[in-house]
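Across the two complexes that follow, subunit A remains constant while its partner is subunit B and subsequently subunit C.
Here is the complex of A and B:
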């Protein structure tokens, strides 16, 4: 029973990527919000926590690793799913993302939109 | 036994030992000579003395005997002779007549018959511990009436001789030992500087070049010490020099190592930056294409997506050009496509492109008739790069200035902004590969740090120069010159 739409926060410094993801995710039936940086992201998470966050890594000022760590360190947000969406595709980066920072999913750019959508479905259907 | 052998070999093989052996040998020879001499002399003296005493006693006695030999009363003769015989050192006395018939004697068996002849008178013979002298007995008239033979013991004399000899030997030996001790001590003192030099040498061998031996004497030892000192000094200087050089070289090596590591890091940062930069527009292009295919969008939305695809495509193309340029510059395959064109036209083109992308105004001051022989496309990128940079820092309300003039044999183009300017220490590094400003704006815009490096390479391949004039807080002027075409 989905009386409330699932909220997804999109964090990426590139406006085109933000647009791309939000258009597709909204069409899939989720509610989205987009921000361009870590500060704004943490603001929103604290005020109105989303169910899932799509997070870019390479951003100026605060990068995705930092944001992920802050969120994961806070037990209040242990149910907040994190999907990393980044151009960093090295094995080492994947290890860091998935196993050290405990992101729920790690998708590399360029990506298939369908892959992203099925990852969302998988992570959110447990609700 | 071994210790003794060891000691003896050490003695033979050392100069000091040899010195002492030499002294000892000479000493012993001298001693022997001295002893021989002494004995000889002493013997002579003793013999002469004894002989003299016997002769005088004998003469006296023979006179007395002569008186009493043919006297009626032989008891007087006996008494005289017995008395004489009792004397110390007299072994026997014998009196014979001319026919060698013994009239009186003590110890008859010791008489030497052979010396009674007149021919052998006054010859005295030594028989080990005694000698025998024969005296003719003569009457006052001179007539020879018999012989007197006295056997005289030399035991006392010999004892005396021996005692003197032993004394002598003892003294001489003591003296020898004393001399040897003194020689040992003196040679030790003489060798002292050598010991010092040995210790100094050991120290030098261990690497301590500051030791010095005393070099006071004006002989070979002093010279040796001085030579040693000189050597130590030279070695010290040499090692110092070497150490300094090593330090210098190590420092240089460390510095270049640092640089290499830095460059390496820059390169790998560059590679990850490039891969990120290339992937981002690609993501948009692929993503929006898929979106258009998947979703039913209205016309405005569709147009928007297509515009994004186009502009990201162009952005990607530009980036690829930049990276290819870098590649060419690095590998030395950077060749220009030369053509003669009007600079005014080119700058207008750039201004148009630029103003399509940003809201900033451009003030241009270019005369219309400047012709350039160069690679139009590449120079266009230089100008666009400078305009882009100016735009980053220029406040929105002020226009960016661009000008071109001919000064002497150079064409000089200048792009001016009114932003925060550039510090002197940063100005040196601006045109270096990967150099990115350390201010917020540079951080935000995430450029590759290659723009100015590429611009510099392009300008320099044209045989021109590029530089910056700026004061912190007062904006910046980026200026490049190109040689006037023939």
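Here is the complex of A and C:
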């Protein structure tokens, strides 16, 4: 990620979702990178922190909740925005994501791409 | 506290040492998962049967986790710590509490997290409003268990480990508050030190910190908001301070101190006697509450057990121990002591320090209430059983009996009568049992000569003596300055006690936390103290401090300290001298 564009990291073990999101997010003018798991995500975040991360909750080995906590516990990444994606019980997961683990936004699958893009615009305008 | 406001400037924070030592390393800021949202968000329950099953599954998972935790801790030999988690496991078997949650879920058709979170909040309010320090610290155990239950309901308990797992190098753990199970998340090898903003020095967290032998501080106000992960910190759990962003000079000084201080877990090269450079013997004994403490004390060269806190044994049991169970415990202690002297303090319990099993009622001012010997004399059955177990154990090897919280000579007279009667019943020679008393209540200081005839030895409990003399609660970290300022007066009082006792050939031991500080211990020796009873891991440090000086030198320092109006300056100078001479 070498340009001045806003950098967004997409973390989802579903390659279809990664492709769908990255194509639409790039069309909206952002620069993206995609990974399929938490360990790769943390590698990228530590070496070259993005401005925002779209983070799936349900992933094998390391789930989105864990990645969210790791990022939120590290003051180096206090400006990194997190948007969580989940297909689980919406109300409970929204409480966990937004109010317990302090993600910035929470979107339930299946989602409308426009809703995702609106959330990105809203969060990144505050930068 | 902070001398300037630049983020990377050196900041010094005072605190209360829990476990002595020096640590230097990067900070890791531990953050609890904030579950407050569970009180605010209420979700309708569509399927009550599924919700109940979810609740039961979370209870079972929590119990399994605690059982595993207890077993893992037991394999490290830390039985006292394992018992903390065993007791936590019992909380999850409290049918009354769990049934209350279940019936509230059914009645209001609210989700389990919401109901549980409100019950926890109600419990916390009950404990926090109490003045009893032991009950307040018990609330931390309850929080620990029920937060585990909440995390399991939300299926995010595994998240707690996530940040910790990222730690590759040893760190100093900094937190606003720690719960007992938090300290089990990290391998001991990665833990250089522990610094907390909140927490009593008698809490279970404190017990675990001490058992780990890791330099630890509590009541370090402001550290939670100032420290950042990866910042460098020095933890001085001798003097009671944490230094954030230390300067190069401070680092150099503390690295030298660290090299000079003997690590408690290292074996002592030989059982070096503790004597001053001019040949005056100073007896070093250990303060203990468990078999692990006894083991550690003797490993570190203790010449005896100067204070066995029998109430800690009671507090570690899930029911009031029987005479046989109590006898078995003392028997084990005596066998480990191999003929070295053992002083057992009778149960020092009361409303401010009470094993749950004794059901001691709350009192208005528990620290001034029915505690220590007053409690025992008011509860004869328990007293007789307790004393009988000690007397029977005394047939294995010599035991000295120490009376807690004595304020009147009459109390000692009453104990003599009971002791004489029990020895006669048991067919024991009364002369085999020396009887001593704690000096911790100021009234004793004004009537010392009345007590001298009645007892064989004194033990000065500096923690409570300072508290009662200077009206400064030992648990209140904000009064640390008062306690420090009181030291010259206290030392003068101790000098007087020693002088009078010596004339009457009575031994005096100092067993309070003061004695576990090397510099203060050497001042005590200068004031005439010949026997110190300290935390096991402080023994090598005290020995090193004393053998480096002559008694004449210590007398002179002590005299200067007693008459000073600026005790901190003298302490700083002594500390600087230690650093220079090594």
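Convention: the second predicted complex is superposed on the first by the 122 of 127 C-alpha atoms of A that agree within 3 Å, B and C clash if a C-alpha of one lies under 4 Å from a C-alpha of the other, contacts with A are read in each partner's own complex, and residues count from 1 in each chain.
The working rule: a residue touches a chain if its C-beta (ideal position, glycine included) is under 8 Å from a C-beta of that chain, and two chains touch if they have at least 3 such contacts.
No experiment lies behind these values; they were computed from the predicted model shown.
On the superposed subunit A, the two partners subunit B and subunit C both fit, without a clash. In the superposition on chain A, A:5 contacts neither subunit B nor subunit C. In the superposed pair of complexes, A:39 makes contact with neither subunit B nor subunit C. Contact with subunit C, but none with subunit B, is seen for A:96 once the two complexes are overlaid on the shared chain.
After overlaying the two complexes on the shared chain, residue contacts for A:122 are found with neither subunit B nor subunit C.
In the superposed pair of complexes, A:23 makes contact with subunit B only, with no contact to subunit C. Closest approach of subunit B to subunit C, taken over C-alpha atoms in the A-based superposition, is 6 Å.
Of all residues in subunit A, only 14, 16-17, 19-21, 23-24, 27, 58, 60-61, 87-89, 109-114 touch subunit B in the complex they form.
Only residues 29, 31, 33-35, 37-38, 40-41, 43, 111, 113, 154, 156, 158-159, 162-163, 166, 228-229 of subunit C touch subunit A when the two sit together in their complex.
Contact residues on subunit B toward subunit A in their complex (touch as defined above): 272, 275-276, 279-280, 282-284, 286-288, 290-291, 294-295, 301, 308, 312, 443-444, 446. Interface of subunit A with subunit C (complex): residues 42, 62, 65-67, 69-70, 72-75, 91-92, 95-96, 99-101.
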